[in-house]
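You will see chain A twice below: alongside chain B first, and alongside chain C after that.
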Partner chain A sequence: MIGILASVIDGILIGAVYGLAAMGLTLIWGVMNVINLAHGAIVVVGMFVLYMLVSALGLPAYGAVPVMIVLGFVIGIGLYWIGVHRMIGRPELMSLLSTFALNMVLIGLGTAWWTTSPYNVQVNMPSVSWRGYTFTGTHITAAALAVVIAGLLYLLLYHTRIGKAVRAVATNREAAELCGIPTTQVLAMAFGLGVALAGVSGTLIATMFPFTVLSGEAYQLKSFVVTVLGGLGNPAGALMGGIALGLIEGLATPFMPVSWIPIVEFGLFVFCLIAFPRGIFSFTKA
Partner chain B sequence: MSEILLQVEGLEAGYGDVQVLWGISLKVARGTMTTLLGANGAGKTTSLRAITGAMCPRGGKVVFAGEDVTWLPAHAKAARGLVLVPEGRQLFNNMSVEENLEMGAYSRRARQHFRQQLDHVYTMFPRLKERRNQKSGTFSGGEQQMLAIARGLMAMPEILIIDELSLGLAPVVVQQLAETLKGLKASGVTVLLVEQNLHLALALSDYAYVIAEGRPFLEGPSAEVAAKPEIRQAYLGL
Partner chain C sequence: MWRRPFLWFIVAAALVYALYPYFTDDVGMRESLLLAAVYIILASNLNLMIGYAGYVNFGNIVFFGLGGYICLYLVTALHWHVIPAALTGGAAVSALALLFGLGILRLRGAFFALATIGVNQAIQQLVVNFEPWGGATGIYLSLDAYGPLGGPMQALWTTYLMIVAVTTASLLASYAIRHSKFGLGLLAIGQNEDAASVLGVPTPRYKAMVYSASAFLPAVAGGLYFFKSGIIEPSSAFNLQTSIEAIVMVMLGGSGTILGPALGAFLYEELRGFLLTAQSFSQFQLVIAGALLLLIVQFVPGGLLGWVHQRWPRTRRWLE
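And then the complex of A and B:
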């Protein structure tokens, strides 16, 4: 019984990081109606930024977190102007194709650079023991940082002028433009924010698990599940959805082979799409 | 005549293959209220959208306070004080009243006067002050229109352009809004009004332009336009 509880707690810790990744996806989706298919590749960028900074430059592992937030923001603004800007307001297929192309380019570059062999970054954090069960220090730290970053995002969106402008543009872009808000810049910034969130979640995942250039796809799919659980364009819901997904993984792990976990997850995904098409935690949109 | 604040010459605009405006021209003098009239589909809303940059004009010229602003994006025009209160209110429904007003004052110029203008707007619409933390999506039509006008005023407009002031509102609410507009004009705000209620528009305004099928049809001081029989023709297409 305690074993299951320990597994569930560990699942929740990892789930908070899934939530952070999904926040990046859902923010972009909610603000500009673009499904960012380069999301997984950006998660991988975050992983390799950790690898480069720690293994090549010898930085402390969590020092990579603020670096990745800034770098992700800059990369995101770059990607916005390269592949997204001209797709805004066009049929969704256009932005799907262009972000998918960005995804392929990023993965291709990564494969050329690092090949597809697995990488591992050793991060030493003291573990916490409780009744004979050990909770890995990196999992606890990653979850704590994910919650802190989510809190900062909330403060940004609800208590700063620029964050309110992001929400205004998400609600009604034309009205925002008529208010004097430079909406194109706001969209670029929101894309940068979304990419920074995806990237930093990759950095945190890489402190916990080994990874390859191709790891992104799994996290992209998880982000879709989380987004469906949490409701579209709803960052708070994304965190809840991530934690819910982690909880389900933790709950299922003791009872079945690991290869069955995706079947449970995507079974849930289909179930939610049918039963709760607006998301389970969707309380913001009326 | 006093200084011309807004001058539109030969404005052309359209959607896709359909051209809607075929050379609209008008002038608005500072401190006056001007109205733009016409039947449904005559191109009133399109004119306002092309003037304010909500859509891109195809030709013609928009001169505002002596500057050619024809090709500026809407946010840059709003920042200069060329402000549109759009048809259908277009509020940020999941944001509070105060957040809506804060967004109205987004430009650097308007931001500097935020506090003072907020007090001014709350004095004008005490109802909004009472409900400042409520989400605007829960409001009645009249309250939403008040908020839309208030949000426009937060931008420190040199000219406030209002599209369909009374659309979908109860007569008593329309009366209140008409009083508000009179007050605004008395305080020196320049207004360009599009209004489906012909009598209201002509009673409130100093000068009127009538357009038909995207072209200028008739213009003159409002009292004279009201007396002309042709106005019927513009509306009924006879």
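And then the complex of A and C:
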């Protein structure tokens, strides 16, 4: 019984990081109705930024977190102008294809550079033991940082003028433009924020697990599951969706072979899309 | 409909395509053309979804893979002949797609696109865990399996001809659908689904039907292709990247046209072959494909044929 509890707690810790990744995806969807299929590639960028900073420059692992937030923001604004700006307001097919093209380019460059062999960053954090069960220090720290970053995003969105502008553009872009909000800049900034969130969650994931250039796809799919659980375009729901996914993974692990867990996840994903297209945790009516 | 010169053009092109490597006896050429033919099948059936109905199916490869699995299972375990096995695979996958389509096609636009990714991954994971189909290692054919076709050497030629026949059938089906009431309904859905529904197009039924129709020939082709390869495994049968490449092909040639996706598939396969063999590019194949897609989507959303149509409007009448 306690074994299951320990596995559930660990699932929740990891789930908070999934939630952070999904917040990036859902923020971009909410503001500009674009599903960012380069999401997984950006998670991988975050992983390799950690690897480069720690192994090449010798920075402490968690020092990479603020670096990645800034870098991710800059990369995001760059990607917005390269691939997303011309897609705003056009059929969804176009922005899906365009962000997927960005994904292919990023993954292709990464494969050429780092190949597809696994990488690992050794992070030393003291673990917490309780009744013979150990909770890994890196998991606890990553979850705590994820919650802190999510809180900062909340403050930014709901307690600053910039956040108000982002929310205004998300609600009605034309009306926001009429009120004098430079909507194009706001869109670019929101995309930058979304990418920064995805990237930093990649950095946090890399402190916990080994990774390859191709790991992004799995985390991208997890982010989809989470956003669908939490409701697309709903950042608070994303965090809860992430924790729910972690909980499900934690609950399922003791009872079934590991190779069956993706089936549960994708089954849940398709089921939720059909049954609850607005998300389980979305309380507002669209 | 046989009065249209365009149809005779398709049949003539298919005959040249089928017979050229046969008479020159060029095995390398045959392999390259076979791969191009498989891509044409994938792209041209995907075009029914993307180009006609306006729905992006990211998991279109699932039809190809499942068709391959069913066919190889029937050939190895039940000792069927490959032709009925491939056709049964096609029919089974098509029926499955119809059932499934009624569920996931309730989703619109981006939600549907996401669900198709989920479906592909879920089925891949199911197959990995499905022991009768060999789990993660897949199914191997022994050389005896090629006996009914006159030995392995002859079987390679026969499957080549069969795949070209499926390719031709794909193009003809694209044409027939495009010029039917069903096709017009699909095009209306692609332009504005709500308006189409108000005007009396039975949108849910048509969408499920086109989803199912676009599954049949790729599944048959999957059966033939994996029979020819002699091996099928989950990671190659449900490769999401091939799915995406099929989308690139459709967009490159021109979505919504009949010849466009085929042209795009052929060009893309030639380009890929060139990039893979050229030393300095082989690592950057994915980057180049991505950059190509980005440029098409941003600057020529109509693809090659769309661009020709725009530049010379008269070509619309005979180049479809």
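In the analysis below, the second predicted complex is superposed on the first by the 283 of 286 C-alpha atoms of A that agree within 3 Å, B and C clash if a C-alpha of one lies under 4 Å from a C-alpha of the other, contacts with A are read in each partner's own complex, and residues count from 1 in each chain.
Here, a contact is a pair of C-beta atoms (placed from the backbone, for glycine too) under 8 Å apart; a residue touches a chain by one contact, two chains touch by 3 or more.
Computed from a predicted model, the values in this text were never measured in an experiment.
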item	value
First (chain B), second (chain C), both or neither touched by A:L155	neither
Chain touching more of chain A, residue-wise (chain B, chain C)	C
Chain B versus chain C as contact partner of A:L109, first or second or both or neither	second
Touching partner for A:S98 - first (chain B), second (chain C), both, neither	second
Partner chain(s) touched by A:E217 [first = chain B, second = chain C, both, neither]	second
Partner chain(s) touched by A:L178 [first = chain B, second = chain C, both, neither]	first
Which superposed partner A:K164 touches (first chain B, second chain C, both, neither)	first
Contacts of A:A144 with chain B and chain C, given as first, second, both or neither	neither
List of chain A residues in touch with chain C within their complex	29, 33, 35, 82-83, 86-87, 91-94, 96-98, 100-105, 107-109, 111-112, 217, 221, 224-225, 228, 232, 257, 259-260, 262-263, 266-267, 269-270, 273-274, 277
Partner chain B, residues of chain A touching it in the complex	161, 164-165, 167-168, 171-172, 174-184, 284-286
Chain A contact footprint on chain B (complex, rising order)	52-54, 73-76, 78-79, 83-84, 86, 90-95, 99, 102-104, 106-107, 110, 137, 151, 155
Residues of chain C touching chain A in the complex	50, 54, 56, 103-104, 106-107, 109-111, 113-115, 117-119, 121-122, 125-126, 128-129, 240, 244, 247, 251, 283-294, 297-298, 301
